[in-house]
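You will see subunit A twice below: alongside subunit B first, and alongside subunit C after that.
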Partner chain A sequence: MEPIIEVRNLSKVFKSRGRRITAVDDVSFDVFNGEIFSMIGPNGAGKSTTFAMMTTLIKPTGGKIKVAGFDAENEDDRIRPIIGIVPQKLSLYPDLTARENLELMGNLYDVPKKVMEERIEYYLKLVNLENHADRFTGGFSGGMKQRLSVISAVIHDPQIIFWDEPTTGLDPQTRQAIWKLARKFNSEGKTLIFSTHYMDEADKLCDRVAVMNAGKLMALDTPENLKKTTNSATLEDVFIHLTGEEIRD
Partner chain B sequence: MDIKTEIRKSWIIMIKEFKQILRKKAFMIPLFLFPIVMIIFFGYGMGGTVKNVDILVINDDTGTASSALVQEIGTFIPKYGDVKMFSIIYTKDMGQSEAEKKIDAGLYKAVLIIPPDYSERVARNESVTLTLLTDSSDTTSSGIIISFMKQLFAGTSGSLVTLNIPDIYGKLQYIDFLTPAVIALTVFIGTIQTMGYAIAGERQDGTLVRIMMTPVSRGAVILGKTLHQLILQLARAVVLIIGAILLLGVKMNGSWLLVALVLIIFTFGAVGLGIAISAVSEDMISFQAISMLVAFPSMFATGVFYPLSSVPDWMRWIAYIVPLTYANDAMRTIMVKGQGLAFIANDLMILLFFAIFYFGLGVYLFRREAA
Partner chain C sequence: MKFLEIAKKDLRAEFRTKQMLNSMVIFALLVMVIFSFAFGNEATIFIPNLKKKIIDILAPGMLWIAFTFAGMLGLSRSFAGEKEEGCLDGLKLCPVDRSDIYNGKVLSNAVLMFLMEIAALPIFIVLFSYDIKNLPGLILVIILGTFGFIFVGTLLSALTVNTRTREILLPVILFPVLIPVILSAVTATATMLSNGDISDISGELQILVVYDIIFFVVAQMVFEYTIED
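Here is the complex of A and B:
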């Protein structure tokens, strides 16, 4: 299988208030074209930071990232149009309607107007928001916001989708709807990279799982292999086995 | 990315900003009403005193009687003050129109013209008329100078000396002095505030980061937000000036185009300052706190409400380093004195310097932010 993302010796050190925080520590891995890839790890493990570097939002302190053959540091203008991002922090304009939020994204990604309108109708239906299209998102429930956030990341039909904890805080129905979307996008040939704190989700949905802890990559394999090599019954046991029992700050 | 894309993207951002702001009724209404309220309340409720005012005395007197008079003006200390009211500069042989130009240029607050036959006539106990030109665009100073001169002449040489006081800018009131500066002040504070919402507020909402993840450069984001501010603030200034003219009878003696030019340069600087403050504040609350700290000295130390000639020296020094001072002066020179580009060139240069400095600082801090 050919890699679509290549991460080599990646590290990121934040300096805040005189303290140095090593958020990502010499991490290397590949993401294969067309797979569903997930990152799990305790709070503060460095998942979001790794996402931010892969999506060209922040620059690494060390190491290299290639996305679809482009260098993340110098060719961000080539990478951005082909990736879609659902950030961990919800980020919709509360004073714009659902449709306006989608249109804004479509415009910023240069989606032709007609194509954009069609996609907006299509996706709104797909996530059952067609009757709320012209409401301000400020009044949306958490689940509605998350659904909208997910479709606003694909309005430009990206090749690679980054989801940072897309199902955190959602009810089982919405989670299942989002899994369905993930499988659908994957069946269209898109590569999916997402992070989650739900082990069942990673287990059921993903081809491969990367386990991060304190900035380091502890393991990367299929859920089955991970269970086998660590002698665990569930992915949750794998997680505890690899990252310990102590609670993180 | 090429320039066309940049501009298209910043246009998208700008349209979004307008959509958002036009929906914030609770923000838009005060944006327009506050300055009007300010003009009305301060306009009808304030006065003041002056000190160390530069006054030009054109003494054409061929005799010596005038020197006593001039001495009296030069040494006068107001009752409750400790500083001389005037600081006199002497000259001879200057026509009234040339003297008016000096006032237009803001060199003097007043010019007193003593005629050649002053001593002669006083000696012969004949009546004599002196001309007093005042910078009535500064209604407070001008009012105080006029009433002082009137008292002086009533006291000294009997009732024979009369004062001719031409109104060089037409009949003006304090409100005419106040309005141009209130416009500049509200553009300044309004820009910083809306920039705060547009950056610190968006950062708090997480939307700023979301925008940064799309194929749009930071430059285009800033440009879009800046264009939005320029249009918003210009529109606001025009509405306010027209409102002040129609509702309060304020005078607009100069060119709208020049007003626009001053405000565009000034808004650029304020946008930069707003971005810079946003960049150093973690959330909306700290943004509000810091911007208050910036806004207050601008409001009270720059001669919006009273002439700079009436404030203590230390406050004047603050005024000189605050850009609003120069915007106020330029706005008054245009709107009240009706003067052209030549007379505001200095102010414009200084404003341009501030604009480049603050805008550069804002862009620098904004770019550095996520690195």
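Here is the complex of A and C:
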């Protein structure tokens, strides 16, 4: 398989009140076209920062990222149209309806009006929100917001979907629905990149898992291989084995 | 034309809740009513040396205090709402030029400001018994002054959005930068209220136009850096 994302010697240092905080430290990996890739790690491991750099939201301090062959630092305008992002903090406008939120995203991504209308109807049905299309999203539950946020990220039919902690705080039914959606998008040929705290999610859903700790990449392999190489029964055991038992801030 | 989409969603959301618009209009009206009571009958006393009534000296400044302080309420929320909902990052991740985000915000802020001014100006004219002969001249001054305020205010609002004390910090850094536009607008407004001719304020109009152009161009160039994390 050919890599669709190439990360080489990536690092990010934040400066705060005279202190230098290394959030990502010399990380290199590839994400292959059409796979479901997951990044796991304790709080402060550098997952979200790596995500932010891959999605062109922040610039790296060092190293290179290539997304679909485009340099994330200098060709961010070529990358943004081909990626979809479901952020951890869902970017929905509470005083707009679900349909208006989707139309806004469609217009910002230059989706033709007719195509956009068809996609909106299709996706709203897909996530069971068709009866809530004209309700303000401010009154939506967490699960409804998450589902709307997912379809708002794919309204422009992106090649790659970044999903930051997709099921945090959701009930089991909504988690199942989100996993189903992820598999559906993947079966359509889209590459999915997750960050998650749920080991079962990474285990069941992902082709390969990257384990990060304190800004470094500790391991990267299929869930089965990770279990084998660490002599662990579950991915949670792998996680503890690689990142330690110490509680993070 | 993506800035139109950004302005449209801001205005659509605002016209539904009318949170900012109502606050801005009520604040501007309150300022004018309070000043009108505070000035009292003494304000109509004629000062022979200046050939003006006291009110003619005070009212233009008061009008711009009402406009700018009311406008500040809208500006301070312009990016704060986006930030709190996580929507600013969402906008930054879209294939949208950063200047489109700025221009969209300028447009929505300008619409709110002009609506507030449309509501406040007639009340001002009635409260202070003005008979304005050159209304187009006064409107021109208000438009140029408002754009100066919006161009700088929107830029600085984006700059302060990542700070914890943004509501306090914004006026503190904005008003010093606004001094040229406020002084010119107040002087030109005074001339228009005294039924002067548009040619009497050509100097002030030049300052306002140049100020607007400079800050609009500067904002297009630096806005990208103001919203970086």
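Basically, the second predicted complex is superposed on the first by the 249 of 249 C-alpha atoms of A that agree within 3 Å, B and C clash if a C-alpha of one lies under 4 Å from a C-alpha of the other, contacts with A are read in each partner's own complex, and residues count from 1 in each chain.
Just so we're on the same page, a residue touches a chain if its C-beta (ideal position, glycine included) is under 8 Å from a C-beta of that chain, and two chains touch if they have at least 3 such contacts.
These figures come from a predicted structure and were not determined experimentally.
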Inset, instruction - Check subunit A with both subunit B and subunit C modelled on it and let me know: fit or clash. - result: clash
Inset, instruction - Considering only touches as defined above, state whether A:G139 meets subunit B (first), subunit C (second), both or neither. - result: neither
Inset, instruction - Check whether A:G169 is in contact with subunit B, with subunit C, with both or with neither, and answer first, second, both or neither. - result: neither
Legend entry - First, second, both or neither for A:G244, with subunit B first and subunit C second: neither
Inset, instruction - Answer with first, second, both or neither: which of subunit B and subunit C does A:G69 touch in the superposed model? - result: neither
Inset, instruction - Considering only touches as defined above, state whether A:D77 meets subunit B (first), subunit C (second), both or neither. - result: both
Legend entry - On subunit A, the residue positions that both subunit B and subunit C contact, one per complex: 55-58, 77, 80-81, 85, 87, 89-96, 100, 104-105, 107-110
Legend entry - Residue ranges of subunit A touching subunit B (in the complex, touch as defined): 55-59, 77, 80-81, 85, 87, 89-96, 100, 104-105, 107-110
Inset, instruction - Provide the residue numbers of subunit B that touch subunit A in the complex, in ascending order. - result: 1, 9, 12, 16, 19-20, 23-24, 205-207, 209-216, 370-371
Legend entry - Interface residues, subunit C side, partner subunit A - complex: 2, 5-6, 9, 12-14, 16-17, 85-87, 89-96, 228-229
Legend entry - Complex contacts: residues of subunit A adjacent to subunit C: 52, 55-58, 77, 80-81, 85, 87, 89-96, 100, 104-105, 107-110
